[in-house]
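Okay, so subunit A shows up in both of these, paired with subunit B first and subunit C after.
Up next is the complex of A and B:
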């Protein structure tokens, strides 16, 4: 019997052929590594004398009892909970500010955007100087007003917050660009209708601008959360996670385990946890926020 | 009361002069149409009245109050925008009530006015829908609803029907007119469509390049156009504006004119519906195009270098290439000054031969 392909089958085959290259690349560089990572987390670290062996969930049990893991996880939560909302709020304010017809607008816009184009390594070095005890910018300012010198990054109580401030400074400009683009999509007629209808600027912002910016907010929020887990370059320069892991984050801890302690199987275990956290947060954001978004 | 008065209003953006010395009054309860070709400054005039633009010079008064420096809220107006300016994330009810909520009108009053407006506009069944789920005409009604619940006596409209199809446009303009009369609103209505203007207006202001060409009733504009531009803008098809060359003057019987003896260059205006096809006498014309419109037929003739359009009732036996003789009565002739296009009054006295 001869196989007769009906047009609709051709359609399916065509479609699959078209997405095949993308599917292949994504599988190769995303899905396969995740799978292999999960697989590795179930083995013990091989050494010269001991070959690696299947140990089941042993690594996960160790993780539960690992105080440093819990420390960096809570650090990371504080870090995310501070950087994400604050940088989004600042980004929105900056965007609203320069979306108006003010003189020198492009200059301000450039100033806001500059931190974004700087590489994280450069930013970290600049801020390292800001935070230097006695000679640093902050200390110099403080001493002018009669304050004491602080060891900003050396103090376990302040180290994490110093990083948070710096990251907010770096990220806000980037998110501002998205808000600015979204604001310029809004029809000026709406604003004028608002003016004629007698809505004040706060009322208009609350009832119109903010809701219409929700798709952008979701996008920016997902990015901000993911960044707060995946950007750790500055730790390498500024604190190395110290003092006493006070400023360490999950990904930096993974990096240390994998490339300083060479415990790759424990690093794989931590990575599984990181991927899970990110997946859960993203799903929650989409499900919860999606419902309240109006897409144009 | 809500009479609107513009005194010596000018508006320019840098070197661009959009409005030049605009003066007019719109009486209480009147529907005034701002008419003119695109870019003549209609929207600018309206936006100045609304307070969405700032005056370069002059004053705007609404209801015996100088509002020139007041923000839009304080001017006690409502406005319908060309693209309706509906908030896409709010449902019909919230869109209509947007202004009342902003002004903190009591809840039960809001409810009453919304019900009122919704029934008036046939929107009662759609209160919970989003604008995107409604047709163009219904969206237009939401915008009207907003103007109605505001319960202010001045309503400004900027090309409110331009996004609708022809049939709907006709329905909506009747609806707007009857609403305006029922609610006794003072309305300024911007359009570039002369048919819309003629059918809806109490008074029309025809604008051209930032100046007022003529201000009057639709009949005034049709019967006694103040300039050749008005003549050719009002009426469909537009008035023929002819340069009186020998072919035309020889074809016409002599007619009375105030120009006898003078050497002024002038233009002849004649409406297509006033031109008759006659037997022997009249201007010779070669038919170059025919458009059959059902109730009447449009015939374009060439006489020398000039084209003359005329309409005749029903179907005609005329076909392209025929030679016709055209004639019109002296009382249907409009004379315009050839230099500035102004109307020359008083078709009586001397004769042109």
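Up next is the complex of A and C:
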């Protein structure tokens, strides 16, 4: 009896001991802060004269009336809706080009991928100079063609789009890699069959390649959307969210509230919203993946 | 005729790829140009403009870049070492042991893939401050040391290792830890390399969390140092800022150019689920 029982019992203990250190660390810096965020969002900020007090949903009411919050949220939406589809489309084009047997293939691949390994801070510095009025590269090119000087990042109408262009440049090469991996797994017989049937290459791409790449597109899309909510390094360098919050994103607004205005309880409230958004993306991802499996 | 058409199409494709590649490389080339030329040539592209390393010398003298470089190096090494240990142990547990609550725990671990520590920076700052670790290098690394991504990748790799191999080792009387060390780890070498490259480039480039948690030269990594150095209010010349930018990205860029294949393959590997 004892002999049969012992190994199973050891399995449980060994398994738990192995995962415990990592699970403890992850919960300390992920699960615990999520709970703690919700908790702190229900309290007012303590001041020197007044200790922090439980105020229920007061912070959330304030958030609903906060114009900057809505501005930042809509900025983030525009930012995601522009960067995600465009960088995915460019990534797919890059992968299709590189997948052919073209001359200098590995050099071209390197060129596409280089922005991925660069720090966002370095990239932001370089592009900041491109956008500088008068001295910057873009303005110099524009004036050659008789255009006027623009204050690209200083103009509320263009600041966000300037960031979008830069992020597309930075991220496309990263997503290209996943398409390349997927393309290499497609069977060459399929292509031959397509060519024998006399289908044009656009038709072949639309009806065969693109649908087969769908899982990759989904994976890349989720990655890109999450990135568009969690990467705000360039804002610190290029615009500081300005002018007048025209280019601010949600995580940057959280950072500002916590570390510039020192209103950590409002920052906690905003973080709860950000976590909710990411949770919704996760749920959508699961639902879509489930559906795809059911159809097959 | 058809052949000619294919030929033209192919040339057009090659040309297109080259043009796009050139366009993509342009900002980086420009940064190098501006870093190695005197200020007056930073947007004046003359082929024989005089080369100089003066910008680097001046950037080096304006800010403690050697110290920042050392900090980043220590940070990246520390995180990678901790990640390898923690993720290996956890991945082994998840891949080969049946224990109570395993699936629930694994799902909870995967939550970190979506909600990264930098999203929770307000509360993580509070935690680190309670630990008394503000403005230290370990504080920058701590939230990332147990990585769901690493656990996931290694678990996938461990699961592909044939059971027969493990059983053979068991028959020879190798302990559970011995099996991990002598069978699982050596056979997952490529996954370790892939994960290592992705992790090093992520933490070399990471910025927002280090920015909030550090406040002195003793712990600031390169990215934060560069951001402070390049801030418009610092009034430093553009060419010197590009020189500093080139310094920040050079080590990783060099590694990338030397090990291009491994880099691309590692990022590929990390995306396949």
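We adopt the following convention: the second predicted complex is superposed on the first by the 260 of 296 C-alpha atoms of A that agree within 3 Å, B and C clash if a C-alpha of one lies under 4 Å from a C-alpha of the other, contacts with A are read in each partner's own complex, and residues count from 1 in each chain.
Everything that follows uses one rule, which is that a contact is a pair of C-beta atoms (placed from the backbone, for glycine too) under 8 Å apart; a residue touches a chain by one contact, two chains touch by 3 or more.
Every value quoted in this text rests on a predicted model; they were computed, and no experiment measured them.
Trainee: Clash or fit: what happens to subunit B and subunit C when subunit A is overlaid?
Mentor: They fit: once the shared chain is superposed, the two partners occupy separate space.
Trainee: Return first, second, both or neither, reflecting whether A:99 touches subunit B, subunit C, both chains, or no partner chain.
Mentor: neither
Trainee: Please work out whether A:203 is in contact with subunit B alone, subunit C alone, both, or neither, and reply first, second, both or neither.
Mentor: Touch status of A:203: first partner only.
Trainee: Check whether A:140 is in contact with subunit B, with subunit C, with both or with neither, and answer first, second, both or neither.
Mentor: A:140: touches subunit C, not subunit B.
Trainee: Given the touch rule stated above, what does A:125 touch, subunit B (first), subunit C (second), both, or neither?
Mentor: second
Trainee: After lining up the shared chain so the two structures overlap, which partner does A:212 touch, if you call subunit B first and subunit C second: first, second, both or neither?
Mentor: Once the two structures are laid over each other on A, A:212 reaches subunit B alone.
Trainee: Examine A:237 and indicate which partner it touches, taking first as subunit B and second as subunit C; both and neither are also allowed.
Mentor: Second partner only.
Trainee: Based on the superposed arrangement, let me know which partner A:149 touches: subunit B (first), subunit C (second), both, or neither?
Mentor: neither
Trainee: Of subunit B and subunit C, which one contacts the greater number of residues in subunit A?
Mentor: Between subunit B and subunit C, C touches the greater number of residues in subunit A.
Trainee: Once superposed, minimum distance in angstrom between C-alpha atoms of subunit B and those of subunit C?
Mentor: 6
Trainee: Just to be sure I follow: which residues of subunit A are touched by subunit B in one complex and then by subunit C in the other one?
Mentor: The overlap between the subunit B and subunit C interfaces on subunit A is empty, containing no residue.
Trainee: For subunit A, which residues are in contact with subunit B within the complex?
Mentor: 187, 189-190, 192-200, 203-204, 207-208, 211-212, 294, 296
Trainee: Sort out for me which residues of subunit A touch subunit C in the complex.
Mentor: 11-19, 21-34, 36-37, 40, 93-94, 97-98, 100, 102-104, 106-123, 125-127, 129-130, 135-137, 140, 169, 173-174, 177-178, 180-181, 219, 226, 229-230, 232-233, 236-237, 251, 254-255, 258-259, 264, 267-268, 271, 274-275, 278-279, 281-282
Trainee: Which stretch or stretches of subunit C touch subunit A in the complex?
Mentor: Residue list for subunit C touching subunit A: 10, 13-14, 16-18, 20-22, 24-25, 27-28, 30-31, 34, 42-43, 86-87, 89-90, 92-94, 97-100, 102, 105, 108-109, 111-112, 114-127, 142-143, 145-146, 148, 151, 176, 201, 204-205, 207-208, 211-212, 222-223, 226-227, 230-231, 238, 241-242, 245, 248-249, 252-253, 256-257, 260, 263-264, 267-268, 271-273.
Trainee: Please give the residue numbers of subunit B that touch subunit A in the complex, ascending.
Mentor: Interface residues on the subunit B side: 50-52, 71-73, 77-79, 81-83, 85, 87-90, 98-99, 101-103, 130, 146, 150.
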